[in-house]
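Scroll down for the structure; my scribbles are underneath it.
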Amino acid sequence: MFKGRDVISILDFTKEDLITLFKEAREMEKYAKSRINILQGKVLALAFFEPSTRTMFSFQTAMLRLGGSVLVFSEVEKTSIAKGENLGDTIRMLDSYANAIVIRHRIEGAASYAAEIAESPVINAGDGTHHHPTQAMIDYYTIWREKGGIEGLTLGVLGDLKYGRAASSFILASTIFKPKKLYLISPQELRVKPEIREFLEEHNVKYVETQNLKEVLGGLDVLYVTRIQRERFPDLAEYEKVKGSYRVTSNILKYAKEDLMILHPLPRVEEISFDVDVTRYAYYFKQASYGVPVRMALLKLILSGD
Amino acid sequence: MFKGRDVISILDFTKEDLITLFKEAREMEKYAKSRINILQGKVLALAFFEPSTRTMFSFQTAMLRLGGSVLVFSEVEKTSIAKGENLGDTIRMLDSYANAIVIRHRIEGAASYAAEIAESPVINAGDGTHHHPTQAMIDYYTIWREKGGIEGLTLGVLGDLKYGRAASSFILASTIFKPKKLYLISPQELRVKPEIREFLEEHNVKYVETQNLKEVLGGLDVLYVTRIQRERFPDLAEYEKVKGSYRVTSNILKYAKEDLMILHPLPRVEEISFDVDVTRYAYYFKQASYGVPVRMALLKLILSGD
Amino acid sequence: MFKGRDVISILDFTKEDLITLFKEAREMEKYAKSRINILQGKVLALAFFEPSTRTMFSFQTAMLRLGGSVLVFSEVEKTSIAKGENLGDTIRMLDSYANAIVIRHRIEGAASYAAEIAESPVINAGDGTHHHPTQAMIDYYTIWREKGGIEGLTLGVLGDLKYGRAASSFILASTIFKPKKLYLISPQELRVKPEIREFLEEHNVKYVETQNLKEVLGGLDVLYVTRIQRERFPDLAEYEKVKGSYRVTSNILKYAKEDLMILHPLPRVEEISFDVDVTRYAYYFKQASYGVPVRMALLKLILSGD
């Protein structure tokens, strides 16, 4: 059910699909620091029209660990794109060289446009403020792997829920996994878009919007933290006023459940203070390291012959 | 006849050499999306002092498909070059690391200078407005492969014939393959240089210069389109006046032979309109995809031991 | 004694360690242009927060020749670092992907900080004006390999002995190899730091400081030349006055011993004139080419299982 498939949105996948992926990823953990020669001779093109160290390196490592190779297309300004080549022609080029294409682009819909053009499978590694499906796979894999499942849990998502790509994908994916409850924690200015609220309602996800982390923290099993960018605030004074309330510190964690799991797509800036790193709540480095086995599993399922 | 050889100009090769290369390339097409382990353990240095996505990726893919590896040297400003290292020392360095060197440089003669210094074979991937021999190999391979030969054909070359590197290499290579006739189609300002006209005459290539595409289109078997850069015109008004006449649209193709083949070294900007992509005339994406097997063939012939 | 070890300073190693490394490097010379599959499946992260073509390519080539792969992290401005990610988080990321990390950073102590965080071995490829241990390994390997030993030799180090990272590492390493005598040749402004003089004294290295190359040249077996950067002089007129005296030309070499060996970490700018390249004294290109076997040996000793 994965072979040759495009990966554009997390919503293209059923819960069954994702559990298959998760089981494969758990298997791949064994090889994430060594090698399994499943994709020898295969080439993966990494087309990064926006920079992203982590996502790029974790795809690259995944491909290398599977015995394959990569073509890294990431120097936007210095290439034909700058000379004015259109996205379609660039994708056609990569399509004729590689066996699959990973694309990251600042424009929404770019990945799905690329998938229309390319014969090879296309994997969306982030398009505009839209989708970042492999990030959501890693996020939910971390919960599934560490908590044994998702259904009975209360999840919180903190930060920029309006423009944040990782947060959006995480929230959308909740409609697949149906947590017990979903708290959407953000400043008024950065609430989820109305269409996402509607989507949650259609899919019977029980969600609560709030501006107050402290109030809801005690009920959470998982807190997914994302960054709030200063640039999103029309009024900087407003930003300065609210930013402290959305910062996770060891101090506020006094209100947390004992087995609270804190996730973050990384990189983080100030939204999680360093003293949290050494607490039992910090799962974000582990989550980051799961990037490799989850992407290995995905590439294996999409690209390996049988 | 290829082993250990430098590739500086297309004119270094005889017709027999190139037909050998073409036959090897046709064989390599089988492996262009998978792998053949002929150059395992070999390292190819890609020294790009000018950016070029397509040429670089197609060499890189070719080397990976042959089982080898690449060193990519492409970030001119950030490296020793910026600190003032001279080209010779950089070439010596790459020579001591790699088994062969591909070089692209904005200065004419750079590749031939590199070849003097390096013990390893050097392949010119474009020097100034001068040569781009592997592009010419791909161009003529496409014609040979798709038309079954070149001798009896009428070829047209459209665009900037004065400064365009790919156009120059294509025109020079006509002296090897001797087409029936060669039309040189360009604005007055961008005619081929006198020394190239002389060279064609010396080699008995029948050529006609014209500024009018429409008039000659009906007689062409192959139309090689290249870009006209606005910057080449001292007078922008002049550019605006002529540019439409050198644009290939599905409209003008009403005057074309049924089996006209349109080629382009890519990237294209406006010189071929998108509606041409879906016509039977468009061979430029296929031509681009031949970049991998042709370069595989070249690398195999130059680098493989026997 | 190397397995799993961090490489932060040349002083972490005993003479016995280094001779073991040198013997391994001499063995690796056989494979420096071909391949030996010792590290197949291993991934080396190259974390270059400062650009360095030579060091990066020579590590990359070494890893490829050993059958391994690399992740190149070198585009400082375009990545999360620019978004403000801290060094610790970046190292944690690379640590979770790779089997070892090579780091170059403009801040002193960065490599040793990275080694504290990472579980994988960390190799310092230059931190600030501080250490560059693998360069020193290559420098002394070249002397050992070409002269058969170091003990009885008179060495000279020329250039910026105050801020030059390669020069510092070379001078510090003299305490391990105990040459007969060490001449420190530099303008007054760029003398070695007092703590390095003290260190030499503690370790009984016989050294002489001088500003005059010509006077001491005749007694040298090895002259290690480094660059003097204009920027180091508060007074440009002063720089212009002295620079000629620290330039090695074929003219000044009339005063040299017949078997003088000139080394340079490269890239060079004007401090060795091109006419020296063709003299018998020039060993710097050979020295550069030893970068691959020495780094192969180091990676093999640190990473290969037994």
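To keep things simple, chains are lettered A, B and C as they appear, and every chain counts its residues starting from 1.
Just so we're on the same page, a residue touches a chain if its C-beta (ideal position, glycine included) is under 8 Å from a C-beta of that chain, and two chains touch if they have at least 3 such contacts.
What you see is a predicted model, and the numbers here were worked out from it, not measured in a lab.
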I'd like the angle of the rotation relating chain A and chain C after CA superposition, in degrees, nearest 5.
120
Pick same or different for copies chain A and chain B, depending on whether their interface residues overlap by over half.
different
Between chain A and chain B, what's the gap in Å when you average each chain's C-alpha atoms?
41
Mark out which residues of chain A touch at least two other chains, giving numbers and ranges.
75
Seen from chain A, its contact residues with chain C in the complex are 33-35, 51-54, 57-58, 60-61, 64-65, 74-75, 266-269, 285, 288-289, 291-292
Can you tell me which positions in chain B touch chain C when the two form their complex?
40-43, 69, 71, 73, 75, 78-81, 83-85, 89-90, 92-94, 96-99
